[in-house]
Each structure stands twice: as C-alpha cells, then as structure tokens.
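Below you'll find the structures, each written out as structure tokens.
There are two complexes below, and they share chain A, which is joined by chain B in the first and by chain C in the second.
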Partner chain A sequence: MTTAAVHPYVASLLAGSGAVPKSPAAWLDARRASALERANALSVPTTRDEEWRFTDLTPLTKLQLQPAALPAPVTAEEVEAHAVPEAAVRLVFIDGILVPQLGSSGTLPAGVTVLPLADALKSHAALLEPHLTKIAGDDLFASLNTAFLNQGVFIHFAKGAVLKAPIHLLFVAAGQNVAAHPRVLLVAESGAEGCVIEDYVAQGEAAGLTNAVTEIAVADNAAVRHIKLQRESQKAFHIGSCAVTLGKDARFVSQAVTLGARLSRNNLAILQQGEGVEVAIDGLALIDGRQLADTHTLIDHLKPHGRCEQVHKTIVGGGAHAVFNGKVFVREGAQLTDSSQQNRNLLLSDKAHVDTKPQLEIFADDVKCAHGAAVGQLDPDHLFYLKSRGLPEAQARNLLTYAFGAEIIDRIPVPSLVAKLEAMVLARTEAGA
Partner chain B sequence: MINKDAKTILEVRDLTATVAGVEILKGINLTVRAGEVHAIMGPNGSGKSTFAKVLAGHPAYTVKGGDVLFEGKDLFALESDERARAGIFLGFQYPVEIPGVTNSAFLRLAYNTVQGGRGKDELDPLEFDDLVREKMKLLEMNPEFLGRSVNDGFSGGEKKRNEILQMALLEPKLALLDETDSGLDIDALRVVAGGVNKLLNADNACVLVTHYQRLLNYITPDYVHVMSAGRIIRSGDRTLALELEERGYDWLLDGKKAAA
Partner chain C sequence: MSTVLDTLVSQPYKHGFVTDIESETAPKGLNEDIIRMISAKKNEPEWLLDFRLKAYRHWLTMTEPKWPNVTYPKIDFQDISYYAAPKPKKKQSMDEVDPELLRTFEKLGVPVHERAALAGVAVDVIFDSVSVTTTYKEKLAEVGIIFCSISEAVHNHPELVKKYIGSVVPAGDNYYAALNSAVFTDGSFCFIPKGVKCPMELSTYFRINTQDSGQFERTLIIAEEGAQVSYLEGCTAPKFDTNQLHAAVVELVALDDADIKYSTVQNWYAGDENGKGGIYNFVTKRGLCKGRNSKISWTQVETGSAITWKYPSCVLLGENSIGEFYSVALTNHKQQADTGTKMIHLGKNTRSTIISKGISAGHSNNSYRGLVKIGAKAEGARNFSQCDSMLIGAKCGANTFPYIQVNNPTAKVEHEATTSKIGEDQLFYFQSRGIGTEEAVSMIINGFCKDVFQQLPMEFAVEATKLLGLKLEGSVG
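Our next item is the complex of A and B:
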C-alpha cells in the first residue's frame, strides 16, 4: 500500500509511476515500492535545505512533467552527429526510452556485457541484485528515479576483463515537458578495466527534466573511467547523481563537463571502501546567460592510503550562476590519505556569480589534504604576455578563457570528444567576447 | 655595430613613469639606431626592467611625461599588441605559463597575427611547423616543446629559449630582452646568446637589460648604459661593463652622490 505524496509537486512528478511494468525480479519491485514511499514522504528541496542553499528549484516546479509514452522522433542522422567514433558500443535513449535501432554495437571482448536494464534483469539478475539501488542515495530525485526504474543500462566487466574503447551512452532530450529517469549500473569485478561516456544532449529547445542516476561498483584493483557530458538545451533541467563504491586498490576517474541546461545539478559521491585507492575528479562548467550549474561532490575516505586529486573549474559569463560544494571526508583510521581539491572559477562579467564551498572533515591525524578555491577574472599578466606577442585584447581574452577550460578537457582520453568540446568552448568564448 | 648614418629606431626623451603612484622612471633619454646593441645595466630597483616594460606597454605602469618615438612615430599612441605588430618585442624575465594552450598553437597564432599586421601571408599549420622546427634548431630546442602547454613546467632555461624562439619567429625591429640571462646555466646562456646573435642584423636593434656583465661576454654591446634611481647616470662602450664587473656599481653611485 502506498500513501499519497505529501508534496503536491512531488505527487505530480510521481504520476504514472504506478504504470511502470512489474520487474522480472521481485526484489526490484520491493525496492521500487520503498523508493516510492520515500519520495511520497519528501518535499521538493528549497534554499532552506543546506544541500540546496544556492540552487532554487522554483522554476522546475512551474513545469508539468510526465514520463514520455513514446520517444520523440529523432532521425539516425541527428543521432549520428553525436557519434563518438572511438566507442566500442553505443546505446541511445530518447526522452529516457531506449531506441535500439539508433544504437550501434561492435564486438565486445569476452567478459564485457552491455545490456538494456530490462534485459539484464531477466538474464543477469544475480549480478544486479547486490548493487542496483544499493549504491545511490535516497534523496528526492534518486528516489523518484528508483520509483520509475525501468529504462537504463547494465554494464558488467567480469574479473580481469579489459575494454580500452569507451562505451557510449547517449541520452537525447527531445520531447516537451518530459521527465526522463534513466538509470545506469556499472559493475567492474576485480582487475577489470573500462570506460563509460554518459552524454546528455538535446534535440530542439524543449523544456523538460532529465533525472539520471548512475551507480558504479569498482571492485578490488579494478579501474573505471566515467566521463559525463551535459549539453542539454537552455530550457532544460538536469539533475544527475553518480554514486561510486571503490574496493581495495581500485582506480576511478570522473570527468564531468557541463555546458547545457537552464538549471543543472551534478552530484558525485565516491565511497572508498578499500585501502589504497586512486581517484581523480575533474569538473568543468561553462555557462552564461541565465544558466545555473550546481556541482556537489563527495569523496569519503573510509579506509587508509586513499589518494584523490580533484580539480573543479567554472567559467561563468552573462548573468549565470555556478555553485560548487566539494566534500572531502577522511574517517577515523583512514591514515595516510592524500586528498587534494582545487576549485577555480573564472567570472567573465559583472553579473556572473559563483558560490563555492569546499568542505573538509578530517578525523584522522596522519593525512595530507590540500585545498583551495579561487574566484577571479583573467590574470592581467597573462593578458599582457599574449598582447606583447601581437594578439589583440579580445583574442587574448578568448584564448585564455579557452585555455582555462581546455586544461580539463584535454585530459579526456577520447580525441573526438576533446575536439568537439574544444570547438564548443571556443564558440562559446568567442560569442561571449 | 655602430653606423651613425643608420636610421633611428627608438628615440626616448625625458621619459617619466610611475607604478601605483610611485615614480620609477625619472627622465630617461636614449637613442637606438638600426644595427645597434645597447646594454642597460644597474643595481636592483634602478628601473631598468620597468623601462623595458613601459616600452612594451605593460598596463601596470603609467607614463607621466616625455616622448618615445618608434621609427619616428609616437609609441604611446599604440596599444601593446599594436606595438608588437609594429615590431617591438619584449623578452620576459619571467615568461608566464599558460596551461591549456599548446606552444605550437600559441606560436602560430602570434606569428600569423604579426604577419597579418605587416601585410604578409599567414601560414597554415603544416607550413608553420616546418618554419618553427627550423627556428628551434637555432636554439637547440627539442621539438617536443611544441606539443606542451606554453611554458608550463618548462625549466628557467627552457622558458628563455622559448622567448628567443618567439623573437626568431616574430622578427622584431627592436628586441627588448629583460634579464634574459637570469637563471641560466653557462650552457644555456651560450645557446640563448648564440640564438640572439644570429637574429641581429643591420636593420634591427636590441636593448639588453641585465644585472650582470656575464651575458655581454656572448652578446657584444655597442653601448652600455648604467641606470640608477630611474635615470641613466653613465653611458659608455663595452669597456664600461668590464669596469662594472671589476668595481661593482658603488663607485658610480658614490660619484653621483658626490656630484649632487
């Protein structure tokens, strides 16, 4: 039995969740039901909630949103424009619904499985059961996603399986007033290695909500790279949560680039459950106009010898607003942790605005935790250097702005994405000059 | 090389300048003709680096008085980028690091901008690559430096080589080299100075700002000027630099005090 939602907007978002088909796995139905209970009990966060202090969701609550019954028509050519030639396999979701004929598949090495979630629940339920919904948190949006849990991807790297080429997950927002709740589960068994690209794009200028949840389990000595690009329309709302657990000696790299959406929230939570992990977190948000980009990250060092290097950058033009909250927790006993965090923000206009909050909580005494946050304009010495080489002021500014972002982009080991993102950043910086 | 009939490249008359309201240059006079090498020496804080930066148009300095003519035209009517395109080059004492911009892209952009400003053809990436590799040989630079970010993680010597590489590409009429010798070991100094020598000819000129005479063992100046407290207090030929090496700056400064 489910109780009705306490909050009317939550009730409207939950409309239709009852129509989600029953899962072949009873445990999942139970988890969906409890997520629905949880969502029913919650309200839409306001700026009085610490986690949402700088991000006002009121504009979202003005939209009447429904999951799409059918995907909006998107042609193969339109999808092809977003192709990543380096990818081993591509799955395409339109408005949160898998469209198999738009995907592409190559031959995957033995031990690498990429399946639609619905299929995986039939064929690989035992692999999913320990992880699905167990890694992600249970805030309102994650609970909503679970309540609707049906469409998504399951990626599995068996013990020792290695796939160098990335797996490309393309999520296209196309329909008006659509709420999409895609789910990704990636499990890398011990010694496995892989890379996944979550690519959120728009077809047209539709207003809607993408509420994505990704869960990643990286077992002992396995390595996962997670690349997330978000370039949805300037009318879109994007709320994405990625939750990661790391085993002993696991390696994890997160590279997130935010260019789109009217309002976006990017959550990343990494739990170090084994000793000796190595983590890199790169973030870049390039926004202008009236965009808001909020990034909340957590690296939770529960065990000793964890290393984490985080660089989060924002480039904020027009009247845009960037928010960064970076939590670094070092638990009691997590000795010899080496966790650094840098947040650098470049403001391109007087009306651009950044709220940054590094949040270090350290309960071990033998650790290294460097952190810094800087908000500023372009460095006048850098500008003078370029001008002294003949570059006019505007060109020098563009180049420096571009370089500020390129430092993050260039570290993505997928050349076609780097080229595409660099062109997009260049177009933005030139338009802003 | 002194040729009294050569055309005047730079004419500085009674130049005064301030930084943050403090007067640093208190009346500089200097004439530089084509083909000449001038060394400006002086103790720390004498204003010699400021002089070079003011000529290049550094925004931190305010020109308060005097005139500077570059090839007969008012230099201060030009923005710093226009000065660069007109043929002024400043070799930085501390070249800035620009992570995210590859050296090759930066060098080509600078080259093409300056070429364009002079009405000459720009080069596409392949043509430019041939040119820059040729110029790098002059400075015994590894082509690997093309693929790295501008000055990012370069050693002191590598940064200075990269400065002179830019000078080689931009072919300035007037090169202002600010403490190019600082932080260089003897091998790097030999290479950098050798590169500068190969770039100097009868049509361009060079002003070396240096604290030490060491650089002048490799680049022979036609004139040596000593600055103190914002003025040139003594000018001479290269023997003046040798004398400074021998006796230091104090005898000149004491002489000035005695005269005042």
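Our next item is the complex of A and C:
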C-alpha cells in the first residue's frame, strides 16, 4: 500500500486487501494495486454526488465489514433449493468464496469454458488480459472490487460456440458483517451465443455487503443474455455493476429482477462500439418495508444503427423507495439510432416514494429516441372492473399488481425461474395487501 | 440540406445597434459601497438596503453553480458595472422622451405610443434598468391596478413591495438570485387587487444598452383573490462583442382563484456564428400559487442569448392550483440553452402541464432540465410532461434531464420525450405539393411548436412565428 485511504470508512473496507494472494499474472497484481490506489483516493459517495443523489449510503457506513476468511456453513440441500434445472452448469459462491463441491457441471459443448477465475488466470491468462478490469468503470465500489479481485468466474464462448442452456452462478450471502467482492468476466467471441444467470440469495438474515462486478465483452455478431436476480436479506446491502461492450451487430439482453436487500444499487453500462447492435434492457424492482432499490443504466450509442429498447418497472410498497436513472447517449455520428426507454412505477402505499430521472443526450440528428416515465397507483377503473366480476378488493389489487410485474418476468426464457419469480411476486403482493 | 440551413442560420442580428444616449454609469466592481450607492441613487428606504446587503453577504458565501450543461469562460464579477441609468430628466409627456430612444423602439418595430394606442397595450418601457416612460397608468389605476417600475413601487407602495419581495425567490435562493437581490436596479411591479380582471395585456420591453453593464431586473407580480392578468415580456439587445450578464429575478404570487399568465419572447443577441459575444441569460423565475384554485402559466419562446439558463417554476401550494409551462427553445450556431421548469406540488389536487419543444441547429446545444416533485401531502396531484426535441444538422445536441420525485401514491405523473428531425420525405412531400423547402421547413417547425404558440397572446404568436423563421432562415436545405 503506497498511500493510506483518505476516507476512514473506505480504509476500513480496504482492510484485508493486502491479504489477497498474489495472482499468477503480474499484470493483474499491477491492476489491483492501481485500483487500491484509486479507492484510497475516493470517499464514500454522499447524496451531494449527482450519481447518488437519492440513495443515502449512511446506513452502510454503520457496518464494520470484512471479507470472509471462510465460507459460512451452507448445506447442499439449502443450495439445491435455489437450483435452476435448465442450467448446464452451476457455480456456487458462499460469502464471495467459491465452494466447488456445491456446484454442478454437465458436459459443455466445445468452445464453451466456465472456470473459477483463479484457475482461468493460470490456464487462460491471455484471454483474460484484454478484458479483465478493462470494461468496468473505476468508481469507488468497482475499485474496491478490483482491489480484492481474487474470487470469481471466467466464462468464455469461443468463435461460433453456442450454448442454449443458461450458466447458473449462485452467490449466497450467509455470514454476518461480510463484504463479498465477486467478479464475473464473460467473453463471447464473434458469432457465439450464450446466457448467464447471476443469482444473489441469502441464507439467514445476515447484514453484509455484496459488491459484485460483472464484465461482458460481446464481439461482432455474438449474442449474450444476462439475467440477474437479487433476493438478498432485508438487512443486506447489494451494489452490483455490470459493464458491457458490444461489437458490430452484437446482441445483448439484460433482465434484472430486484426483490431483496435493504439497500441495493444496480449499475448497468452498455457501450456500443460497433454498428448495428441490438439491445434490450428489462428491469423490475419489487420492494416494500424500508427497502431502497436504485437502478442506474447507461446505454452509450457510439456507432450508427444501434437499437435499444428498455423497460424498467418498479412496484413500491410500505415505506420503500425506488430510484431510477436511465441515461441514453447518442454520440455524434451515431446516426439512425433507435433507442426507447420506458420507466413505469407503481406506488402501493402512502409512504412509498419514487425518484426517477430518464435522461437523453443526443448529438446526432437522424435518430429516433423516445423516453417516458410514469408514476401512479392502480387504476381505479381496472379495480372496479375486476370487482364487478366478483373479485374481492384485495384479490383484485393483487392480480393487477402481479400483472404489472409479470410483463417483465414472463420475458425471461427460463421456465423454472419464471415460475419461481411469479410465486415470489404473488407472495409479496399478497403480504402487502 | 445544409446550405439552406447555413444561410438561415447566418442571418445577421437585425436588432444590433447601439443607441447613443448619455448614460450615468457606476464604476466597475461590486462591493458594499456600490450597493449603498445604488440604493442611495434610487433613494431607497433602509429596509431595502438591508435586503440588498443581506443578499450580498450571502452571495459572498456561495459558489457559481456548475451543474448546468453549459460551458463559458469564468465571469469576472468585479469587471461589471452594476448601475447604468439614462440621465434623469422629468418628463410630462411622451414628447419629452429622448427622441433617440423612441427611434430605437421604432427600429425594433415597437413605436411605443402608436403601438400602445393601437394595440391597447400599456408598455412599461425598461431601457437600461430604469423605467423611462409608463403609459396607460391612469386607465389601469381606475380599476385599482398598480403597474409601474419597481423603484416607483418602493416609494409609493412600500408595504406591498416589502411584503412580497423575496417571498417566492428568497434572497439566498441561488447564486444569481442572490446577486440580483443585492444589485437589482429596476424592473416592473404589478399589483392586481381582489376581483379585478386586468382590462389589457400588460407588457414590458427589455433592452440592454450600455456595453458591459450587466442588467439585473426584478419583476414582481401579485394577483389578489380572483384577480386575472396576462403579462408579456419581449427582449432584444444590441450587438456587442463583450459578453453581457443578465441575471433577472421574476416573482409571481397568485392568491385564491387568481390567474397569472406570463409570456416571454426572448431574442437577445446570441453571439456571432463562432460563438463570440452574446448575452448570458441566467434568470430565476418562479411563481407561487399560494391560494386555492389559483393558476400560473408560463409561456416562453427563447431564441436569443449565447447562454440561456432558466427554469420558470411553479410552487403549487394552494389546493386545486394549476401550473403550466409552455416553452419553445431554439438554439443555433454556438448557442447553449439549459432550460426547463420545476413543478413543486405541495397542495391537494394540484395539476401541472409541461410542454417543451427544443430545436437545435448549427453547433448548438439545447437541454431540457425539469423537476416534477410531488410532496407527501399532495393527494391526487397530476402532472403531464412532454418534451420534444428537433435536431437540424448533425453537429448539434439535444438533451433531456427530467427529474421526477413522487412521495404520494395517489399522484399521477407522466413524462414523455421524443427526438426527431425534419425528414427528407417530409420535405419531399411538401415539394411535391409545390411548396419550397424554406416554406416547408417553416411550416414543419410551426407545426412542431404549435402547442406552445397557441398559448401566446395574439401579437406575440405572430412575432414568435416570424422570429423562428428568421432565426432559421437558410438553415435547412
């Protein structure tokens, strides 16, 4: 460590980063060191920072967090409860540490590699070097993650490799006061196709921080689907950043569902580096109690002919607080971009509130861009109609709330997840009614 | 396409001339002595000097806002002269008004006396910060309306000014509002008493005349219970190379059942095609719907200024009060605009509508920035926002930054935004019907802005339509 952290809480989060074992690749050690330096110079963002204007991290700074030395005991049965039968392979991380015996592996088609990061650094270092830590940003939390970079997974789709079944990455938060910094790197070479599920769950009601970073490089004409479910405990803090680069004619789908955590922040940044990409971004946050769910997305159209369609929905009950910031940039020269963004928010209680900021910045004249944001409650006419058909008020409310969220869930092409999520949404709306 | 755009865009500023009137100018710089001097020159009461000094002291503790999406060289506030007034002369009638001044208005197409008489408009003429002439005052006085310069109001109606000044835009509200509160020289004051419907449209013309004298207008409009008024503000300024700062404050107060309509056509010098010169227009405009069923409506057509930075806002405090914002902002060459509105819903069943049309051409940058905030007690609040952008040429930018904050579940808030351009096929269709490109562009733009133009009072609507045509002459082809 060359300099000490400026901010005492950052210093406490960084304690232990020196214990991260040396990596087999010298370049990674250098990147970790510079991330540490960067984190040292940064402070915990406050609501005076535009990017964190509506999300107050003060409750996080009340926790004394450390990376786990050992994963908390979690049984195979407990893990099986979260299984996704459609998955080709499953990797399980407990408190940010890979537990190989809890994973499962089928046979993967030729050209598809799924490896723990530590192993991949030994066997596939040349494939990792151009991407690892190069795609994600360098804000405080990404820098922290890089400073601790050790645990994670590397997924590689070689040229033309196709895997229809999803790859299931299960992250279990189980220990008390644990800060986990998992990293996912997915590289899809040209013409490849694949799907990954990042699944964040909790075992018990432990308070801790999951600070995940995912980097995805989609080469020309490749297609990647990224599904993220977050259902951590009501005491947990979850900060996840996903950064994506897209080559020419690449396709990318992001589907994120947030149900858990006391405070969650989802960052998604998509950089269109080639012409003619196709992007779909779906988001759903269903929160109540004292939860806060913050989603920040950025789609940066650098090249012509990009298409992006985004729908972000929130269902906010209790005293919960939903935040959305969706940036759409159309750079000079990114002509014939077609980008649309919808943000719909359903408020279920008096104390619930929403802050939304859909943001368009356009520097090209021949583009089609639209965005819309709406905040409201259930339509009394819809309720009346259902009641006129004999449904009791509570049931009618549930049905409408459920339908509002189902639009997003139903688009996930993994039936077992859809069934599970629908059950969860129904349970939540019933409990809330 | 670009050639016509280019010619349209490069029309010289038609109102660029300097009127040669002897001005009494304060030395450059800003300190408490200058403020005392302004206050003394204007023979102000003690409380107003205190108001100014408090604002100045607060201003010293503030820093310039950095968040707007605009760039400009740092302003040296000590290099500005804070007071310029035409030499004081007592005038009994219009004939005694400096003929040079009258000629200026004629060049602008605003012959005060004729226009006032013909159009039935009372014009409170602001010429370099001091009200020179006021017409139709008696007619308005008959129904109890007070319409005068704010300096006059300070002397003749101090209790009203004292009660309302700073009540909507507090002296320390923001950097430029604090500066204005400290050094404002003149502006308009309008008071519509209970139950009175103003018999004519009230209007003022603003012109910045003396080089390097930043202009700090202060406008205060109060509509009592059941009163109604429509207020027009039109702006042009001569051509200068030095950037001029304009930091105005406008405050509107509407009591129960009152209705205030405030319309602006702003065509200040925007700088040349390389972005040299032009006015910095940093304005704070805010209306308070204090009473039940009150209504405040802002309509603006912003075509001038090198930099426009303004957010005419409504604070909807009274139950069932209504806020409206209709805006057309056109930027060309190197102009920058960061404009929009704030609708703060505090009372029950408050409603607001935002219609914003941004047109960018040349190398300009046009941003809509808005806030719709629904307070926890604003049961049944309703907002609809539509922000459309049109880009002409590939080197300009159009941005939207809408903030929506909802703290009450019964509120319904909708925001929509689209971006488009003048399509080749649209132009082709017009041409196939025998309509030339230039006319076609003008028609498309007028169609694009129609929702806003129809909110303008008749004569302004005509002027605004012409203005947009003029500003874009030759920019589409």
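FYI, the second predicted complex is superposed on the first by the 432 of 433 C-alpha atoms of A that agree within 3 Å, B and C clash if a C-alpha of one lies under 4 Å from a C-alpha of the other, contacts with A are read in each partner's own complex, and residues count from 1 in each chain.
Basically, contacts are C-beta pairs under 8 Å (C-beta built on N, C-alpha and C of every residue); 3 or more make two chains touch, one makes a residue touch a chain.
What you are looking at is a predicted structure, and each value in this text was computed from that prediction instead of being measured.
Trainee: Should A:335 be classified as contacting the first partner (chain B), the second (chain C), both, or neither?
Mentor: A:335 contacts chain C only, not chain B.
Trainee: Of the partners chain B and chain C, which touch A:395 in the superposed model: first, second, both, neither?
Mentor: first
Trainee: Of chain B and chain C, which one touches more residues of chain A?
Mentor: On the superposition, C touches more of the residues of chain A.
Trainee: I'd like to know which partner A:410 touches here: chain B for first, chain C for second, both or neither.
Mentor: first
Trainee: Looking at A:361, would you say it contacts chain B, chain C, both, or neither? Reply first, second, both or neither.
Mentor: second
Trainee: Go through the superposed model and pick first if A:385 touches only chain B, second if only chain C, both, or neither.
Mentor: first
Trainee: On the A-aligned overlay, A:352 touches which partner chain: chain B = first, chain C = second, or both, or neither?
Mentor: In the superposition, A:352 contacts chain C only.
Trainee: For chain A, which residues belong to both interfaces, chain B and chain C?
Mentor: none
Trainee: Which positions of chain A touch chain C when the two form their complex?
Mentor: Residues 50, 54, 332-333, 335, 345, 347-350, 352-377.
Trainee: Taking the complex as given, what residues does chain C use to touch chain A?
Mentor: 67, 374, 376, 389, 391-421
Trainee: So in the complex, the part of chain B that touches chain A is made up of which residues?
Mentor: 56-60, 79-81, 83-85, 89-90, 92, 95-96, 98-101, 106, 109-110, 113-114, 117, 149, 166, 170
Trainee: How about chain A: which of its residues touch chain B in the complex?
Mentor: 379-382, 384-393, 395-396, 399-400, 402-407, 410
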